[in-house]
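Before anything else, here is the set of structures, which you'll find just below.
Below, chain A partners chain B and then partners chain C, in two separate complexes.
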Partner chain A sequence: MRKIKDYILNAITYIASGISVLILGVLLVYLLVNGVKSINLKMFSDDYWAKNYLVEVDSDSRNFDSKYNGDDYYIKKYDIAIKDDDKEIVVTYIGENSQFNELKSLTVGDSLGMITPFDVGYKIESIEYLDSNGVISIGGVLLKHNAIEVAQILNENHVNSIYYQSTSGGIKASIINTLILIFVSLLIATPISICSAIYLNEYNSKNKFNQLLSVSIETLAGVPSIIYGLVGITVLFPVTQLFGATTTSVLLGALTMAVILLPTMIKATQVALAQVDQGLKDASLSLGATKVQTINKVVLPGAMNGILSGLLLCVSKVIGESAALVYTMGTFISDTPSLTNQGTSLSLMIYSIMSNDNPNFELACAISLIILVIVLVLNISVKLINYKFNKLGQR
Partner chain B sequence: MNKLFSVSDVNLSYGDKHVLKDINIDLYKNKVTAFIGPSGCGKSTFLRCFNRMNDLIDSCKIDGTILMENKDIYNKKYDVVDLRTNVGMVFQKPNPFMMSIYENVAYGLKCSGIKDKKVLKQRVINALKQAALYDEVSTRLNDSALSLSGGQQQRLCIARAIAMKPEVILMDEPTSALDPIATAKIEELIEELKKDFTIIIVTHSMHQASRISDYTAFFLNGEIVEYDITKNIFQNPKDIRCENYITGRFG
Partner chain C sequence: MNNLKTTKLNKIIDKVVSNIYLLMTLISASFMLIIIIFILFKGLSPFMSNYQYGVVNFLDFLFGTQYRPDMGIYGVGFIIINTLVSALLALSIAFPISVLTALFVVKIAPQRLSEFMKVVIDLLASIPSIVYGVFAAGIITKFTMTIASMLGVQTYGGTSLLSVVILLAIMIFPTITSISISSISSVSEDLQHASLALGATKVQTNFKVVLLSAKQGIFAGAILGVGRAFGEATAVSMVAGNKMFGPTFGLFNTTRTLTSTMIAGLKETSGLDYDIRFSIGLVLLIIILITNFGLNFIKNKVGKTHEKN
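The block that comes next holds the complex of A and B.
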């Protein structure tokens, strides 16, 4: 009878832990299936929004020592190759000495005559050229031309201007914004947290005020982050105005994030400080070191591994945060990251592209996958740091 | 004989717990004084009064006077950092810092503001020699102190204390975590050190007390029951409780 009871209880624990593993597995598989196709190296360096360029191209013939050996439509005159891709005409190859590396902008304004970027994956929209009768004609996607016709036009006629579009869907700006967010928020949160943790742990005589302080810090850790977002936009916005921000901005997001990190970081540092052997502190004091010297030379170095893993946990918290940042950073995906402008972190970018009229599900999954990988790497580093220091301590 | 410490009417309590009761004792210069007694009798607490380590405990309250060379060390004007430079301490568990052997010994000197590298090095080497450790570590001063054996670590802690050139070294059961060979080495070392330093040692082992100390004080329940020349204590104790303890009837 007792055996059966034990057996059932054991089975329940196995099933319970199995479920959590299953959930994680399903999540991973789901994201992999949906997102992995959209992940490519180019998305890390591309802008999110496509840009259009109107340019002129140098039509003088050049001699190329071309290495092209693909199956797409090769344009001998310019040493480039193009192909059809879902009603678009996409560039698949650009030679080293191609005239297309020196396209000059025809857009009126500051950029007139400047060399515009041109890369594999860009889409050729339309071409204005002189046909065999010397009449100005237009070719390209607009006239339902396909790649072979466009290649012919480019090869055989004098081209006046080309209108093309850069690739889109990149996450470069969001990555940079995320890094700015991490850097600024930790820059503010870390020194404050370490100092207050030292005060609470090392100087704290256990009076009512300090106990109240400890309790309030623990309560702060449990406040939903969206509330911090609301407070951030009302209280911290004036601070960012001093730095020239006129709307919600990455800086405001970082300040809010710093506030959110404070309780976590203080708690992590407190735990790390408490783990330092009292014997070492006693030894330091007994050698005539002052309290400050003891803290600087013995306590802090001894707590360093705990503080470091706290820092890494905070980094993953910043990467994962979205609710508080919707209010403070805005949800507009900007391709020009700057402290005082709106922008999105990676998580916010998911929110932003999924709340569009036509949500880009694949890209959202791809970003999620990237975030998961980063968080996983951070967690493993935390484990490694702890493992290393523990080994050092046991020696 | 020179009196170094003169303790009168010391009472100490942790919160409601009365740990030391009306302690009166004189301790002499360049002698080894041993405190013996069963666990929880207050001998370690009393030892920690001499370098005011009890100050670190919030609930600790101490009355009475402890004079060191006729100055009250619990006087507000007495700088506790000066006191601790003058009164070194070695703990029960070897507790070297997570630094190199050299840095461990130089730690106190650096904290006291000595920056001259030559002076530092000289004093570190002297301290290591005095602690009979130099020959074993001379080739690896930059290795981690944690790579030393337990006995070596404890001698490093002694070296660290004597590098400060204190007048007194307090030892709180310095050999209780060590094996017999390491213990013998430390006892030998104490014999050497008493030429230059006054040593106050708390020990659980009565044999150790009888081997190394000149004076012995027997503690029981926070009081000093008997204090005399070690030989007298062990050969003809006057108090029956002391005799019972020494002969192993309790403790």
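The block that comes next holds the complex of A and C.
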């Protein structure tokens, strides 16, 4: 009887642990199934918003020794290939000497006559051409033409103008913003944190005031990040104004992030400092080194591994943060990253996509996967560093 | 002579550097003060008689059962209840699972499996909340919808109290588990040997002796978990549905938490609709403080009765 009861209790713990494995599994599978399709190398260099171009193309025939051997509709006259893709006509190949490499903009303004970018993946929306009777006609997706018909039009007629759209859904700007965020916030948080940790560990005589300091810093860790967002925008916004920011900005996000990182970084540094052998410190002091010399030459180098793993932890915190940044960076996905303008980090970009009425789940999952991979790599690095650190300590 | 000079110089450097350290510590610590002051100042301003965008009645704000920014009605009474309900429900799901998992990892699982479980828990802990949000909006809402349709209940696309509770339970699980693990592993061996020597089985020892001895640490984990549940914003706002009135007790009804209210529909950076978010932030901070004190009180009580026994 007792044995049966024991078995049941043990089984319950197995089930409880199984639940967490199941959840992690479902989460990973969900992200992979939805996200992997959307991940490609191009998304790292593409803009988020599609750009439209109205251009003219040089219709003089050229001689190509084309290397094209795909199955899509090949247009001999221009040495390009197109295909149907979900009601869109997508360019799949552009020859080296194709006239499409030197399309000239017809958009009135500064860009008039400039050569516009044209690349594989771009969508041809419509074509204005002279048909066989010399009448101006329009072809393309708008008239429900498919790729064969468009290829025919391009091959056989004189084209007046082409209207096309660049690829979209890229995360280039968000990646750059995330990097800026990481760099600036760590640049500010690291020295403050290390100094604070040194003070709290090495100079801290146990009086009421010092205790208040360390309790304050510990409490900071428990404040929800959304509160940091509120405070960031009231307290730190004037600081960013000095740098020329007129609205919420990447800089404001970075400053707020620096404050959020403080307790984490201080704690990590404190732990690292505490692991430095007291005997080493005493030896250094008794050899006549001053306290500052001891800290700089003995304590800090000894704690370097721990500090480094703290830094990596902070990086993954910056990458994952969203609530505080909604307030301080705005949720508008901008394609031109800049320190003093609004922009989104990768996490914020997901939030922005998901707040749409019709969220693009696949893109959100793709970015989530990217974030997850980065965060996992960082965490594994932290583990490895700590492992090495502990091994060294044991010697 | 030269030696004396360097000693003097070193002393000055020591003094200066230590003061720099102190200054940096003051800066770090002062942010807590800054947070309190500014949230208080900005959060209370809509209730002051000289508030420029139209004064809000404090009692209406605190006990209101409607949150209609479009009609100028800002009542957060029901939101407070919703927040408490969702966080405590999440805790009541996550807490037993976490404790059992921790016990499994430390005492029951074979070495290999235990290492594997630790990695799983670490992974779950390191997943950013926004990723949990995407997961919740994609999977948890579907799960809720399936359950609801099995019970013949309608949901608003799966956004509901149940979705929020499941999401929060998943998010606080690794926090509670990892703290429980460290507190269970620090239970003294002697105690367990004594229990075993008295004829208790291994399982009985695990459940009756180990868990009881570790309960203070486990409670500390629960406190941290609840704090995380209260403060979680982006993920929750994706599945809460932001109901305009309440409170919500039905599992399949949409709900609205303090954080989802603070983050949803943020567009302008001035005006009452903006300032009221600071008031809600103030309420959030106070609730976190009160729950922390309450749970700490329970924790100490529990610890004491155990010592008496």
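Annotations for the structure displayed:
As a convention for this text, the second predicted complex is superposed on the first by the 373 of 395 C-alpha atoms of A that agree within 3 Å, B and C clash if a C-alpha of one lies under 4 Å from a C-alpha of the other, contacts with A are read in each partner's own complex, and residues count from 1 in each chain.
By our rule, a residue touches a chain if its C-beta (ideal position, glycine included) is under 8 Å from a C-beta of that chain, and two chains touch if they have at least 3 such contacts.
Owing to the predicted nature of the structure, the values given are computational and were not obtained by experimental measurement.
In the superposition on chain A, no contact is made by A:K87 with either chain B or chain C. Of the two partner chains, neither chain B nor chain C is touched by A:K144.
Measured by the number of chain A residues touched, the leading partner among chain B and chain C is C. In the superposed model, A:G302 lies in contact with chain B only, and not with chain C.
Touch criterion met: A:D282 reaches chain B, while chain C stays clear of it.
In the superposed pair of complexes, A:K208 makes contact with neither chain B nor chain C. Of the two partner chains, both chain B and chain C are touched by A:T290. In the superposed model, A:K67 lies in contact with neither chain B nor chain C. Where the contact sets of chain A with chain B and with chain C meet, they give residues 290, 293. Those residues of chain C that touch chain A in the complex are listed here as 10-11, 13-14, 17-18, 20-35, 38-39, 42, 96-97, 100-101, 103-105, 108-109, 117, 120-124, 126-135, 137-139, 170, 173-174, 177, 201-204, 206-207, 224, 227, 230-234, 238, 259, 262-263, 266, 269, 277-278, 281, 284-285, 288, 292.
For chain A in complex with chain B, the residues that touch the partner chain are 205-206, 277, 279-280, 282-290, 293, 297-298, 301-302, 392-393, 395. Chain A makes touch with chain C in their complex at residues 2, 5-6, 9-10, 12-14, 16-17, 19-21, 23-24, 26-27, 30-31, 34, 191-193, 195-196, 198-200, 203, 212-214, 216-217, 219-220, 222-228, 230-231, 233-235, 247-248, 259, 262-263, 266, 290-293, 316, 319-323, 326-327, 331, 347, 350-351, 354, 359, 361, 364-365, 368, 371-372, 375-376, 379, 383.
Residues 51, 53, 56, 58, 81-82, 84-85, 88-89, 91, 93, 95, 97-98, 107-108, 111-112, 144, 146-147, 157, 160-161, 164 of chain B are the ones that touch chain A when the two sit in their complex.
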